[in-house]
Amino acid sequence: MTAVADRIDTTLPAWLEALRQQGEQRFAELGFPTSKDEEWRFTPISPIARATFGTAPEATVTLEDLAPFMFGHAEWPRLVFVNGRYSAVLSSVAVESGVRVESLALTRHAQPTLEKHLGRHVAVDATPFVAWNTGQINDGALVHVPARADLTQPIHLLFVTAPGAADSAVYPRNLVVVEREARASIIESYVTLAAGERYLTNVVTEVVVAENAWVEHTRIQRESEQAFHMGLTHVSQERDSHYRNFSFAMGGAIARHDLRSHLNAANVESLLYGLYFGRDEQLVDNHTAIFHDHPNCRSWEVYKGILDGRSHGVFNGKIFVTPEAQKTDAKQTNRALLLSETAKIDTKPQLEIFADDVKCTHGATVGALNENMLFYLQSRCIPHAAARRFLTYAFAAEVVAEVALEPVRAELDRLVQERVGVGAKA
Amino acid sequence: MSMLEIRNLSASAGEREILRGVSLTVNAGEVHAIMGPNGSGKSTLAQVLAGHPSYTVTGGEVTYEGEDLLDLEPEERAQKGVFLAFQYPVEIPGVTNAYFLRAAYNEIRKAKGLEEVDPMDFIDVLEEKLKVVEWGPEIMSRFVNAGFSGGEKKRNEILQMAVMEPKLAILDETDSGLDIDALRIVASGVNRLRRPENATIVVTHYQRLLNYIVPDFVHVLVGGRIVKSGGKELALELEARGYEWIEDLAGTGAIA
Amino acid sequence: MTSPSVESLVQREYKYGFVTDIEADSIPKGLSEDVVRLISGKKDEPAWLLEWRLKAYRGWLKMTEPHWPNVTYKPIDYQNVIYYSAPKNKTKLASLDDADPKLIETYQKLGIPLNEQKLLAGVAVDAIFDSVSVGTTYKARLMEQGIIFCSFSEAVREHPELVQKYLGSVVPASDNFFAALNSAVFSDGSFVYVPKGVRCPMELSTYFRINTAETGQFERTLIVADEGAYVSYLEGCTAPKRDENQLHAAVVELVALPGATIKYSTVQNWYAGDEHGVGGIFNFVTKRGKAMEKAKISWTQVETGSAITWKYPSVILQGDDSVGEFYSVAVVNGRQQADTGTKMIHIGKNSKSTVVSKGISAGQGNSSYRGLVKMLPRASGSRNYTQCDSMLIGNKCGAHTFPYIDVQNATSDVEHEASTSKIGEDQIFYCKQRGLNTENAISLIVNGFCKEVFKELPMEFAVEAQKLLGVSLEGSVG
């Protein structure tokens, strides 16, 4: 059942060793989830459970190889990991003073921030994959932005799978801590240079947003369409903070992102946007959970999916509002566009509200392209096929517009156009 | 005559005592900052001055322009020029900003014995006011605070302040949750509205706002009482040492 | 209450004695085929209609009475009911002074003219006021365009072919227990027919109906808009009548032929205090419209939960590109209950339905919305948008939403949004801090909340609706 990777590095501080062991133990106890687990009912992961994964080999990748993934801004600070290993030569860590952008592996003895936060926010068994990841902690990104810092450039965490990684697994573990009143933008990308290869990325990212801090987090998943991507992002927000996440998913034979946002104090704002694509036989799953435990917080969620071929989309959005969380304002919108008769979506919005003075709105639509709109475009001399592509693009563009970083937005827009088949390449 | 005189004000929310004898004097033309740790009673003070029904005054007096403020209904206080920028501005779906602002504006005019304005005239009034917060007219057809981001809500409070032209403006944590750019716009809006005849009380948890809205006086509220007052340097000292410093001082009685 | 011309026509004060009018041939209690025949005979109905009634009656015998868990009422003994009351059978009051003062106070607040107050309160009224003259003026105007607007009984006499063609085409007698009962013993109601391509120039209101006498327990209304026609109908001014009848079972059928539009608005403009209360009156109304190709039917209603009412205005979207709409505001205060909802049945391709339901609960009131959206296999490309918003005033009230969505084809779009919010001290305080007093604040907030529904109402009704809200919510915020 299990796939075991060899340990890469040997010396770990005691606290980290303990954490790893905890992860290993919990994973052994839990095993892989099955369809009997409510959280995994629509997401069969048996291909992952059945497979055996080895250690990903080292690989040489050039800066030129990475150019397409850098949004045209090679000067932005970045941490590059190739097949799970930090590459100093490809990274660029020139940042403002006080800001730390470092590889976990190189820094874990020296960093009090790590000990304070790593594994302290997400539960080791939040999902079996988190336990598995924890048991394999080795490398990943550490970003620490000090109080009051106002970063002028986004920080890019770039994870690349290079050819030769077939049947291997990587377990990146990331920690982003933004201290009080600071403002930062983080981009987390999972891309591949090994288009048809089957491998596993099992990643956990913890994000801590301190008092009155402002964080924008763009997560881009463009793995190989034969690969498996299991990701979990855990966000802890303190008083008066603002966190905005955009999750983009296009790759993976089986891909799942669990996004959990904990609003740990009053007056917190959490905005979660998502866009996912599925084609052929892909399975793309987004599970979100927002925990309103304190009053006067606001969460806003918009997820859109475009499914073609025989792909299968899953969306489960949970919103928990405890009795203390009065004056909660929560909105969740989930829309899926099915481009073929055989595409499928399972959606489940789940609102558990135990406070009586709240405003919670949720809306879900599943459907095909609007016949009237199609007809309208055709009546303006746009052929049916082109009209379909245009409307599909428009469907996606609406949520892509929420990405504030212009170069990133432009790139995502280009990817959408390319996938949908509009624009210069149409 | 001072504009606002608070003498030994005590107030509670239900059983819980929050303000325990606050005294403060504010004169026209002054900016006073109230800082303090969470739970110190900063927002309570702001809301009690505006007359929020959740709080009961259990002792003390407040005089505003020579009148007993506590004796007045919230809308009467507003009509006499007291404005509260809410920490959590309230949404009113279905009611446009234009409609709401005109209703408020006309209440002020009525109180001053002036004629009410009709929607057409109000558009001219609005044009000027929108400049204060650097907003375009599109905001007018949106419903009050509905679908507004946190920053937009705070900005809308300052727009309302511009429309109502208060004598005493109380800003309740207007900076909480704003990023630096939004903070600058909100702060410059407040600064644009300053006059020798009006006064501002700025309640804030973070010192940074006070770099933009520079106070004449800074007061620190701990456990429902003002434990230290000073000039703007006090805010910087607080920022450097943290609230624990003041709490310790207050605890040991080292502060008069 | 609305048109000034009515006021000018009726200028006389009336003096009354105590009037008791009993028709010589009242029928005994109970329901049987003979009673049905008797009713039909009294109304001089043609044979086909009698047959229709009898068929309904026979079907009714085979049905069982349904029961709903949310509603409590004393069991009805169907044999203990008089199924035919001649007009003016009720005892009348001598003057308004004898009427319930709370009732009169409500009428005054709503601005109902004095004479209408008398009529509504059951005070005897001179025959002249029986709006024959008023009705005639409008009737003639409408007739010039071929629009028929009269009582159901009159329609049976004057336009039997139209009635026969459409009666039961939307709500067949076999549809449900109460529809069957109604079909067997219905007394009277309204009939409207608008010819092809004609846009009815005025809002039709039951106020102007010729037969203003008691409509009885079993009202039957049929509105037909022929191809491309437009009509807006207001069911209103139905204030509480002094009525001992325990059961009211009405049927309203709307037929919108291809390209036609029918708007049906209801403002239940009365507010019953505890004295009138909830006990005793059970109101079951089957309201349904059928929209053919490219036709549109809109139901708009504002109601207070002053009685146990079971109404689910529905639209059958039969034709391709047909449109159904439902806009509703339900207000409950005190200990009232409201159970509202709608059914949108999509049969035609590209049919579209919109549901906007606003529930306001105050005091210890409870408001429920129950909606069904059904898209049948042939209804490809159909769309529904449903929005249910509940507003709670205070801590002791409740609001519940029970949406049922049944989609049986792959290309339909169903969008549902629901929100629950509390208008508590905070919203009111916010308005007060901006200079508004409590009354203005509540009015502002509630009207903003209901805006989307109010703008669907014909203007006179919108004003009435706002007043009604004000009256209903009085005292809801301490």
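Just so it is clear, A, B and C label the chains in written order, and each chain counts residues from 1 on its own.
One rule holds in what follows: a contact is a pair of C-beta atoms (placed from the backbone, for glycine too) under 8 Å apart; a residue touches a chain by one contact, two chains touch by 3 or more.
Computed from a predicted structure; not experimentally measured.
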Distance-maximising chain from chain A - centres being C-alpha averages: C
Which of A-C and B-C has more C-beta pairs touching across its chains: B-C
Geometric centre distance via CA averages, chain B-chain A, whole Å: 40
Distance between chain centroids, defined by C-alpha means - chain A, chain C (Å): 53
Between chain B and chain C, centroid-to-centroid distance (C-alpha), Å: 49
Where chain C touches two or more other chains, by residue: 426
Chain A, residues touching no fewer than two other chains: 327, 359
Overlap residues in chain B, where contacts from two or more other chains coincide: 88, 91
Chain A to chain B touching residues, read off their complex: 148, 150, 181, 183, 211-212, 214, 239-242, 267-269, 296, 298, 327, 329, 359
Contact footprint of chain C on chain A as seen in their complex: 327, 338, 341, 353, 356-368, 370-372
Complex interface listing, chain C residues touching chain A: 350, 380-381, 383, 392, 395, 410-422, 424, 426
In the complex, chain B residues that touch chain A: 38, 87-88, 91, 149-150, 173, 175-177, 179-180, 205-206, 208
Chain C partner contacts - residues on chain B that touch it in the complex: 50-54, 73-75, 77-79, 83-84, 86, 88-95, 100, 103-104, 107-108, 111, 143, 160, 164
